[in-house]
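In the two complexes that follow, subunit A is the common piece, with subunit B as its partner first and subunit C second.
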Partner chain A sequence: MNILVCFKTVPDLEMLDDQDWVIDKNHQIDTSFLKPSLDIYDESALEIALTLLDASEKVKVPIELNALTIDGPGATPVLKTLKALRFKRVVRIDSQDDLRFKPRAIASVLTQYVRKQAPQDVLLLGRQTSVSENAKTHLLTAEMLGWPCITQVAGIELVDRSHLTVTSQVDEAWLQQRIQTPCVLSVGDAPNTYMRVPTLKDRMHHGKRPVETLSIGDFQLPEETEKLIDLEVTRHARPGILIQGETPEKKARKLYEVYLKERLQLL
Partner chain B sequence: MIFKGILNGCSTNIASQAEELNAFIGQHLRSVDTTGSTIIFYSREDQKNALLGLTPTASVQLVRITRYQPENILEAIKTLEKEDRTELYVFPSGFEGSEIAVRLAFRLKGSSLVQVKQIQCSNEKLIAKKAVYASHVLASFQLTKKPYCVSLAKGGTDSQPIVKQDRMTVTELDMTHLHQDRFIKDSQSTPFKPARDLTRARFLVIGGNGIHSHENTQKLQRIAESIGADFGVSRPVAMHVWAPMHRLIGVSGAMTKADICLVAGVSGAAAFYAGIEKSKFIVAINKDIRAPIVKSADVAIIDDYKAVMNELYRIFHENKDTRFGEENETF
Partner chain C sequence: MPLKREQIVESLKNIVGENHVVTDEQVLKESSVDRFRRFEAYHGVYRLPLPAAVVYVNSTDDVAAVIKFANQNTINVVPRTGHSATEGGLETALENSVVVDASGMNQILDIDTYNMQATVQCGASLQELDDRLREQGYTTGHSPQSKPLAQLGGLVATRSIGQFSTLYGGIEDMVVGLEAVFPDGGITRIKNVPRRAAGPDIRHVIIGNEGMLCFITEVTVKIFRYFPENNQFLGYTLDNMKTGFEILREVMVNGYRPSVARLYDPEDGSYHFSHFAENKCVLIFVAEGVKPIADATATAIEDIVARYDECVKVDPRLIEKWFAHLNWDPANLAAEKAEIMETRNVCNTTEISAAWGLINDIYEVCMQRVRNEIPDLTLLGGHSSHSYLNGTNLYFVYFYNVVDCKPEEELTKYHLAIKKIIVEETIKAGGSMCHHHGVGKHRTHWIEQEYGSSYYILRKLKSAFDPNNIMNMGTIIPLEK
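Up next, the complex of A and B:
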């Protein structure tokens, strides 16, 4: 079973101070000084894929794990980590274009890659990235491929060469479904899926193999049907009054007496 | 503009979907030249009368299906679309609404946007706003092709109770023959453990990554409950499995509006803050004065949360506001 995990690196936006949130005339926010790291949902998708690889020997279903990102060279350290973690093909489609709000273009590239270059049985993606929050790429990819899609996936188990058991979150329940591949699976909040760290030995043995690089210019990009026209920073400021006191106990008493007591009586 | 609201009558949260849709229609679709109707999908015959009381428009289509599976819903809406020219489809917040909005727009060659907070519509165009950059930024998009398919953002509008329509036009359709979901071989559903609805909590204590362990999470929950508060957690706590997913607060979980919201060990990432920003009074307890939550709170204590919560427990006990009497539930 060939599994392709599509992922994105993003800046840690929580590292930005209030004054860093400046939008320029091209609708850009400068995050170039922040170290890119895996998007949280994509990280879960990668770890879930690795657990499938762990299980593949036990259930005697051979698996080939592949990973792909559309990004600049800044993603290279993450790609090398994935190599060290035994992803077989690790591909970067080189792009310096602003694809933040172009989920249709990204879905189209993924579709063309799967159809023309590297056939897959399962596509695994995070549900949305923190920067664009499009939450559409997995769905559009499924539509373009003509494959079914399951969203909010939290766990996957191998059944046989063409079936998986997928656990996903639906409104107020966990849903467990045995499904037939091919399919697109979009990972949501999946507990306990922080990505493992490769050993030094694995880094030495596998991490130095080259990353495949393709050019976005080799793919056709469709027009988006939704055009970004404005960005506006949202401010959340409240007074942020610091409660002073010599000890935490004294601060707690002041909190109760001055700020909570009356409010609690109104509940 | 001809619009349709789509509701999932198979879901246990149908009432909140309907109230959310009602509020959105009231805010954005009553002031312009619009004609609207509602499609409610349902699976049990005995639901019908109750569902008719949950429609925000005078015109409603009740569509019976075997179960709410996205492929079947898409096929059903496509079939209905042949009979009229809907220009705007509005889906409720939540996972299924977003999925169907995007896939439907693709199949009908329209445009889509998910997690929408506001729209401005005319006969010529639709502009929709949604949060991006982890809820730090509000983005405006112009949707260029009809039909426009949007799903609502969680907590984007205050819910608006439904007033039953005097004169309703009801049409019924049976689409139980649809089985577009053959890739699913079998399935079973496990409901989350019943919990109080955190969106309705008036006094809320929330623990974040700074509480460091499953044991501490449980202790904080016991203190919260003993002082009469509901208990929620930020995403890292749920991801570490220190607390179950149904206690999650933020864009992935509950969007709350408590009278008092006390957050301990939470850094205050914007995606979390969106889940408490409608609180009347926010208290942050954090060791780090630079944590974003400090500036986003009404008051803050910069100190160890354990000592502060222990003392709050004692104070509540002195004032006989605790539920557990003499039992020591503190850290």
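Up next, the complex of A and C:
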């Protein structure tokens, strides 16, 4: 079973101060001075894929893990880490273009890659990235490929060479279903999915193989139907009150009497 | 005849009041360790003797009364404030110990901007003190990574150092005066004067004692004018640690005092700076102070670095932004716990210091030996973060996957095995095995080698001030078998 995990590295926006949120004429916020890291949903997708690889010997289903990103050279450290973690084919489609709000273009590239370059049985993606938050790429990719798509996936188990048991969240419930491949799976809030860390020896043995690099120019991009017109920073600041008091006990008493007591009585 | 556990608890309640003596089992478990055994603690494994109680004191008189009682009954006392120690200094090594927690003694007593000093109780939060000072245009100049967690008593007790030490010094350079309680219950005050030549500097009996001689209850530290608007951040990539050490040395011996002077090796550098320095060493400087000094310092450093062709300057914002998020607060600790529990990937550190002529050799031999001898490493690197006229420190950083062993075997298999290599190689070369975390309870094995013939002085201090052996036994000086 060939599994392709599509991932993205993103800057840690938590590290931006208020004064950093300046939108330039290209609708960009300068994050070049922030260290990029794996998007959290993509990290979960990668770890879930590795868990499948762990289980593959036991259930005697051979698995080939592959990973792909559309990004600049800044993604190279993550790609090397994935090599060290036994991802077989690790591909970066080089793009310096602004693809933040173009899920149709990304889905089209992924579709072309799977159809023309490297056939897969399962596409695993994080549900959205913190940068553009489209939450559409997985759905559009599934539509273009003509494959079923399950969203909010939290766990996957191997059944046989063409079936998976997929656990996903539906409203407040967990849904478990047996799925036939090929399929697109979009990973949501998945517990216990911090990505494992390769050892230095793994990096020496597996991580030195070159990362495969393709150009976005090798793919045909669809005509743009949506255009980014404007970006606006939204502020979520709320007023706060500093409770004054001589001792923690007095502060706690004031907190209870003035702010909590009445609310608690309503519960 | 030693008191029974119940008698100890009852007596403590009589001294400080029932509400201030905690015997809840989970609290006792968590109070038997510090961050040194955090992997075991995360897994609910507590192997050390549980203390009889944790006593929350509110005044120097409380501390004196509790310690006097412990001294009369030969009960081991573990002094504690912020509970952020990393070297086992807060572990309860003996049965029926009493952990004396002074985090409630958290008042900032005086900020004297004319005489440039601030006096606080031992449980005062460094973050709170520095925030208060900065509002008025001053700073403590002390900024360890534990700043959001640590409290002044513990910082002084462990000879803490901060990220801006090259300008402001370590805590030992900042402490003006102190109040401390000794085992007989006596309260000692060392007055606040700029300098004196009235015999040995007895502040240094107390600073760095790690609770094995006395309990620090009040601290007066210097404060400094704060000019963040003049800060200049400088960053460079380069190929070799040896070149980096040479540059650091040149900056220091020429008398420049950047607040920050750091050198990262390629592994440690990649961990922090992969977005601009993959597989490169990284040099970082921050020049601060009044504008003429900050400007002159930055210009001089740029001139020195320019003489080394392999150095490439990077955008200062890369350094400024990174620095702004270096410290660890409770949210970082919670995130670390979650990540460790899932990945079993653990980070630990060992910090040493040595003269300029030794430091690169120590770096190379330690890196080689640890890499060859320790299994399951996922990162092994190091950086120099505190430089002096005659040498610098090295902070070895290592991550490993805990594989094929129980939580209680993790330390022996990895952290202590690595620490042993680093400590032994450092002492053999002529450096110091502890730069700024303190000895705690897990480097005591080498304390005699560390001190050499001067160990006599350390032993005499212990026997003179703590003749009944009640103060944080097993810390700095090993337990006798």
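Quick note on the criterion: the second predicted complex is superposed on the first by the 236 of 267 C-alpha atoms of A that agree within 3 Å, B and C clash if a C-alpha of one lies under 4 Å from a C-alpha of the other, contacts with A are read in each partner's own complex, and residues count from 1 in each chain.
Criterion: a contact is a pair of C-beta atoms (placed from the backbone, for glycine too) under 8 Å apart; a residue touches a chain by one contact, two chains touch by 3 or more.
Note that the structure is a prediction, hence the values are computed from the model and not measured.
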Open item on the list: Just checking: does A:D218 make contact with subunit B only, subunit C only, both, or neither of them? Give me first, second, both or neither.
Closed with: neither
Open item on the list: Just to be sure I read the superposition right, which of the two partners does A:E172 touch: subunit B = first, subunit C = second, or both, or neither?
Closed with: first
Task: Contacts of A:D97 with subunit B and subunit C, given as first, second, both or neither - done: neither
- [ ] Name the chain, either subunit B or subunit C, that contacts more residues of subunit A.
- [x] B
TODO: Look at A:E249 in the shared chain and tell me whether it touches subunit B only, subunit C only, both, or neither; answer first, second, both or neither.
DONE: first
Open item on the list: For A:L34, using the defined touch cut-off, is the partner it touches subunit B, subunit C, both, or neither? Pick first, second, both or neither.
Closed with: second
- [ ] Tell me which partner A:K227 touches in the superposition: subunit B (first), subunit C (second), both or neither.
- [x] first
Open item on the list: On the A-aligned overlay, A:S132 touches which partner chain: subunit B = first, subunit C = second, or both, or neither?
Closed with: first
- [ ] Report for A:P77: first if it touches subunit B alone, second if subunit C alone, otherwise both or neither.
- [x] second
Open item on the list: Looking at A:D54, would you say it contacts subunit B, subunit C, both, or neither? Reply first, second, both or neither.
Closed with: neither
Task: Set intersection of subunit A contacts, subunit C complex versus subunit B complex - done: 192-194
Task: Contacting residues of subunit A [partner subunit B, same complex] - done: 13-14, 16, 18, 21, 23, 29, 40, 101, 130-136, 139-140, 142-143, 148-149, 151-152, 163, 169-180, 183, 188-194, 225-234, 236-243, 247-249, 251-253, 255-256, 259-260, 263-264, 266-267
Task: Complex interface listing, subunit A residues touching subunit C - done: 15, 17, 32-36, 74, 76-77, 192-201
Open item on the list: Which stretch or stretches of subunit C touch subunit A in the complex?
Closed with: 270, 272-275, 278, 315, 317-318, 320-322, 324-325, 338-339, 342-343, 345, 371, 376-380, 399-401
Open item on the list: Help me check something: in the complex, which residues belonging to subunit B touch subunit A?
Closed with: 8, 11-13, 70-71, 94-96, 98-99, 102-103, 105-107, 110-115, 127, 130-145, 181, 183-192, 202-203, 228, 235, 238-241, 245-246, 248, 252, 259-260, 267, 269-271, 273, 277, 280-284, 289, 292, 294-304, 307-312, 315, 321
